[in-house]
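Have a look at the structure below, then the notes.
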Amino acid sequence: MIGPTLSQYLVFSALLFCFGLYGMLTRRNLIAMLMSVELILNAAALNFVAFHHFLYEGDVGGAVFPVFIIAVAAAESAIALAIIIALFRHKNQLDVQDADSLKN
Amino acid sequence: MTSTGFWFIDHLWLVPLLPFLGFLVVGLFVQKSGERPASSLAILAIGASMVLSWGAGWEYFTANLGRTLVPLKFEWLRFSPTLIGNMGVLVDNISVLLILVVTTISFLIHVYSQGYMHGDPGYPRFFACLNLFTFSMLGLVLSFSILQIFIFWELVGVSSFLLIGFYWNKPSAVAACKKAFIVTRFADLGFLLGLLVIGYYGKGFDFIYLTSPETIKNLEQTRLPLLGVSVLPLSAILVYAGAAGKSAMFPLHIWLPDAMEGPTPVSALIHAATMVVAGVYLVARLFPLYAATEAGLMTVMVIGAFTSLFAAVIATTQFDIKRVLAFSTLSQLGYMMLSLGVATMDNPLGFTASMFHLTTHACFKALLFLGAGSVIHAVHSNDMRDMGGLRRPLPITHATFLIACLAIAGVPPLSGFFSKDEILAAAWNGEHYVVFAVAMLVAGLTAFYMFRLYFMTFWSYPKDMHRFEHAHESPLSMTFPLMVLAVPSVFLGLVPFSHYVSIGQLEHHGVSIGHLEHHGINWWIAGPASAMGLAGIALAFLLYFHPNGVPGKIAFAFGPLHKLVYNKFYVDELYLFFTKSVIFRFISAPFAWFDRHLVDGSMDWIAQTTLLAGNKVRSSVTGRLQTYLFWSISGAVILGAIVWQIGGTVGWTLAFTGLGLVAMMFIWQFVLQLLNRSEPLKRIKQD
Amino acid sequence: MGLLTTIILIPFLAVIVIGLLPEKQTAWIKRTALLATAINLGLSIYLCLDYLGKIGWSGANPNTGAGLSLSYEERFTWLGKLGIQYYLGVDGISVLMILLTSIVIFCGVFASWQHEHRVKEFFCFLLLLVTGVYGVFAAHDFFLFFLFYEVAVLPMYVLIGLWGTGPKEYSAMKLTLMLMGGSALIVVGILVLYFQAGKHSFDFSVIAQAKIPVSTQMWLFPVMFFGFGTLGGLWPFHTWSPDGHASAPTAVSMLHAGVLMKLGGYGCLKMIYVMPEGAKMWGTFFMILTTVNIFYGALVAIQKTDLKYITAYSSVSHCGLVLFGLATLNQTAFQGAVVQMFAHGLMTALFFALIGMIYGRTHTRYITQMGGLLKVMPYLGVSYMIGGMAGLGLPGLAGFIAEIQVFVGSFALNSVFHRILTILVATSVVTTAVYMLRALTRMLYGPIQDEHHEHLTDANFMERVPLAILIFMLAFAGIFPGWMIRLIEYSLAPVMANLQ
Amino acid sequence: MMANVFFYILAAFILYSALFVVSAHNLFRSAIGLIAVLLGVAGMYLLMDAQFLSAVQIMVYVGGIVVLIVFVVLLVADVTEKTFQKADRWRKLSAGFVLAVFFGITVWALDSHSFTSASQNAQAASVKDYGRALLSTEKEGFILPFEVISLVLVAALIGAITIAGQTQAPVNGQKELP
């Protein structure tokens, strides 16, 4: 079967990763940033699966990792959303440009 | 340890050790318990070692004459498997002679100090230091290797420092001790370099090894890569620099007159009889080495002759009683050096004469100093213009002082006559006629200034009645040593000295002892010498026996010349100028500036630039997540780009960039300094 | 548990014990510290004697192999995948340095007996520092070495910043930053060595025998030498030392100048062992730099009037002699350099202890404001004098042994240029004498300058003990140098074999 | 060939959706875009014979996480994002530039490395394999990370409740750092 090669997947996931980073860098809404993080995580998971599929098919490790990633993503978004709610309650908005208590 | 079968010689190592123990005990444990225990312990220690050394001397001169014995030897410091610094005890005629001189005079001076130092708050300290000095001096004399002699050499220097600075709350004494130490230290630098040369090219430090003909030949044939100079004269001259420092040869003599700030017994012991002859002793120890090189001997002779004349001239104008004696010591040391310089391996008369004069000089000069101390003790002044007519209140001091003056003036048949005559004869026989003439002149000058001193102090008339009335003879502990010392000052010349002392290890050089034995009095030389001495005395009598205006008029007539001599040819001022202005201001201060402003400034500059850059960058630190993220990603990208672009030469690039940066920083900092724009970091406010 | 681990752990345990003690119990805190350091002193002396017994007193040609002759080895795999081991082992030089550390810290605890400000934290950090120092001297694995090195360097910042005097934050920051800069070079170097050796090991001996490529040695050696040299006071990276020492509290100055600066020399020696080719190539260059060190440190010290600055610059000069000896790459000079580390450690510890005590009484460190102190405090005065004499290389005290060996060793370099350097270095005996005597006489001699000084007291018992110990060791090492030389000579054989 | 076509279609779909995620003004649209991306990635998994993962992706991610996000969006924000100003252009440009370089370097790295396959004809992992791997205590097993993840999840749950449940925000107290 002539299918897509490993490189194709890798380049694609790199691209997806860059999209996620771009979102991280430019979005001003915390929730939107969180969604960008999900993109990044997906890009990483895709890499795992790609390596598993093309290089280490017998070794189940590469396939198991995305499961962990999903679990971690779940935990992460739970926490992040809780923080967002708390922040919103406190400041009534979610602009990251104003969340600068780490300044200087 | 190689036993020699003679008890005293085998136990000669106790001779330096006993005073050392005395020093430890007195210095550590009896500082607070008054005068008596301190002085008794110190005198006990030195007395015991005196007895031991006389025993050893007896054994040596009766049974082992001319032999070189090594009763003790051990490895002290291993530089490399082939170069080993040994320590031990070397017994030959000059070392035995010197320990006799040192222990005896030291013992007498300990006794004398008991009276002289009475009531001084530093009494126990004084005795501890005296013992330390005696230990060092004896260790020096008995040294087995040149390394060992260097060690004790330094120790002697330190004890001298401590003793000159004994009255340490007197600023002049402080300056004097500092000066003495630093000047001799400077000379020791030469010695140290000589030691290095000898150690590297000679591959050994032991005297026996160094003075063997093979080593000397080896040294002579080795040439330095630079200029192709032979190593032998170089090492000889370098070592001589050390000797000249300790023996206060011109131009390193400046510390000795100042050293008179110490207590008088110290002047007598260290700066007249023993320590200052260490230089002479060192040259004598290495004499075969010097004798093999024309340049070395010439240096010794010329500097010796010049110093003796130079100091004698100065001595005629001084008024401080101890300084006159100090310059006289300088002059006599020059005499001894000169005498060594005219000797050769084939005609070692000068060597013997030098050792002979060293011995007799030790006796009469110690006597002179102790006498002067007795006078100072009585009138509480050093200035001869405050004295006069003291022969009546101080009869014993006067009598012994006169003997010493006659001895040093070379009046027959006192000891000085014989030793001086031998030196003159040696100079004549060596065909060094200029030196002979100088020595002759110095003999006359010596007699003149000594009797100038004598007449001004004991005759004339009392100039300060108050002092005169309070003057009284010193206690027995002080006069006893005077009387004891007067005996050898008179009779020591009658000892057939050349029978006992000559160049060691003659067997190496194929000269038999019997060959040297004869030296009678050559009246063609001795006669004029005595005449010179008597003339000097007569001149002093005319000028100073009764107070009159003639000396003042003569001084006035010579005007600037007199002033020049009176101020010791301004050598001190020259040194002072050099150290204070040149070294301190033009070398040391710029270095300090450089360190503070350029080197440290550069470091500060880095910090400051970082801070300023930080302040700039700070505006970009917004506290916002995204900014941080942006920069971290950019950093990663840049690192990645570097790895991508540059291959294996990163290290070189980094190293040279670093070096270049350091250089740039210095230059930049220097420019900032010049523009007065640099800001030390401390001024930046901390937040 | 081996002897070395015990030595390293004891101060660390003391840190824990002190941490558990209540803050108010200052007496017990001090006693704990004293007990720990005393045990360590005992163990170090035992270590030294035992090691000497092992290698024996005689034998002209000791071990000639290229591997270090280690004793008391302890070896466990730690991070196996990277080849990092917990590998302790000492040769004669390390033994000497461990002994020095023990002596200095023992005296340092005594010297800070009067300390009253936040005692608990002070002793915690001090002992933590010492743990690191012991670790460095005992480690035989590069990674472990660096780990302990950092443990030793970092508490310094806190110690100076919190308990110092004067512009302490500035000095602490400067010191830490510069030493960190050095560390950065070192860590890079260690990694390069690790990968270049390709033996998957951080073991010193393994790396040394791996024959690092000459091209790597050529640039890596100066990097590492500068890295360690910064700690060892190498010109022009010495400027942290005067400010740092001037601001640090007494015990810290003692430990820092006495022991920590020796880590620099020790590390440099290890570098020469590991990279002999690079050392040969750069030897002359570093000889020039260290000549500047020696000469210039002494000249600057002549100008200073603050006792701590004088001592700090004299340290620059003396430590320069250590590095000079190392840069000559000559067995005799190596011996001298190591002896100088030992001697200088004792000497500066003595100086800083004394300065602390004198400052505690006179409340000034400027020699121009002192004078005649010998009268009011003879014990301190005489001790200072002995320290000064040791500093100017008086025979009979340890400094002389070091100097003469370095001189003799460097004189063996038979070229005009090296000879000139040697002569320049030798002139330091005069300049050293000048500033030492200047300080001594200004401070101790002469009339008393300040009437408040009339009624000062001499040292009490707790102050006398450390001074007496340090002076005794200085004299002992100066009069009987054979044991030191034996220790060093035995351990230098592999270094020399690598250099051949 | 077909697989290749599917790959490109999926890739385009995912990237288009991702663009939507990172640039849509309406947060709700972003969330929809995210769902599309996740579904697309699930499709990619299918392409690589990872059916189980694909299922997990859809169930947990789309069904759980995204729903959570949507809830929060509806809860806290004005979904139209009208209140927000546009991020300035400079930021977007620089981010774009840096990421372009980053992408370039990554592609270069991928290009310069040749991957060699370890096993050619092994079977794709079945659900059974996943179960074995996750719960095995052997050397190759993942029981420890598995347990740790479960702990993390519990901790996250509790943490989320605590943070979101607080009536007064702790941020208030530490507003200004010195």
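By letter and in written order, the chains are A, B, C and D; residue numbering begins at 1 in each of them.
Please note the rule applied: contacts are C-beta pairs under 8 Å (C-beta built on N, C-alpha and C of every residue); 3 or more make two chains touch, one makes a residue touch a chain.
Since the structure is predicted, the reported quantities are computational estimates derived from the model, not experimental observations.
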item: Comparison of B-D and A-B by number of C-beta pairs in contact, larger one; value: A-B
item: Distance from the mean Cα position of subunit D to that of subunit B, given in whole angstrom; value: 88
item: Separation of subunit A from subunit B, taking each centre as the mean of its C-alpha atoms, in whole Å; value: 85
item: Approximate Å spacing (C-alpha centroids) for the pair subunit B, subunit C; value: 34
item: Intercentroid distance (Cα basis), subunit D paired with subunit C, Å; value: 55
item: Two or more partner chains touched - positions in subunit B; value: 626, 630, 633
item: Residues of subunit A touching at least two other chains; value: 21, 25-26, 101-102, 104
item: Contacts with 2+ other chains: residues of subunit C; value: none
item: All chain pairs that touch each other; value: A-B, A-D, B-C, B-D
item: Residue ranges of subunit D touching subunit A (in the complex, touch as defined); value: 1, 3-4, 7, 11, 14-15, 18-19, 21-23, 27, 30-31, 34, 37-38, 41, 44-45, 47-50, 52-53, 56-57, 60-61, 64-65, 68-69, 72-73, 75-77, 81, 83-85, 87, 91-92, 95-96, 99-100, 102-103, 106-107, 110-111, 115-119, 122-125, 129-130, 132-134, 140, 142, 145-146, 149, 152-153, 155-157, 159-164, 166, 169, 171-172, 174-177
item: Interfacial residue positions of subunit A with respect to subunit B in the complex; value: 21, 24-26, 33, 96-97, 99-104
item: Subunit D contact footprint on subunit B (complex, rising order); value: 626, 630, 633-634, 636-637, 640-641, 644
item: Of subunit B, residues touching subunit A in the complex; value: 618, 621-626, 629-630, 633
item: Subunit B-facing residues of subunit C, complex; value: 60-61, 167, 169-170, 173-174, 177-178, 192, 216, 219-220, 222-223, 235-240, 296, 299-300, 302-304, 331-332, 335, 372, 374-375, 389, 392, 394-396, 400-401, 404-405, 407-409, 411-412, 414-416, 419, 422-423, 426-427, 429-430, 433-434, 437-438, 441, 444-448, 481-482, 485, 489
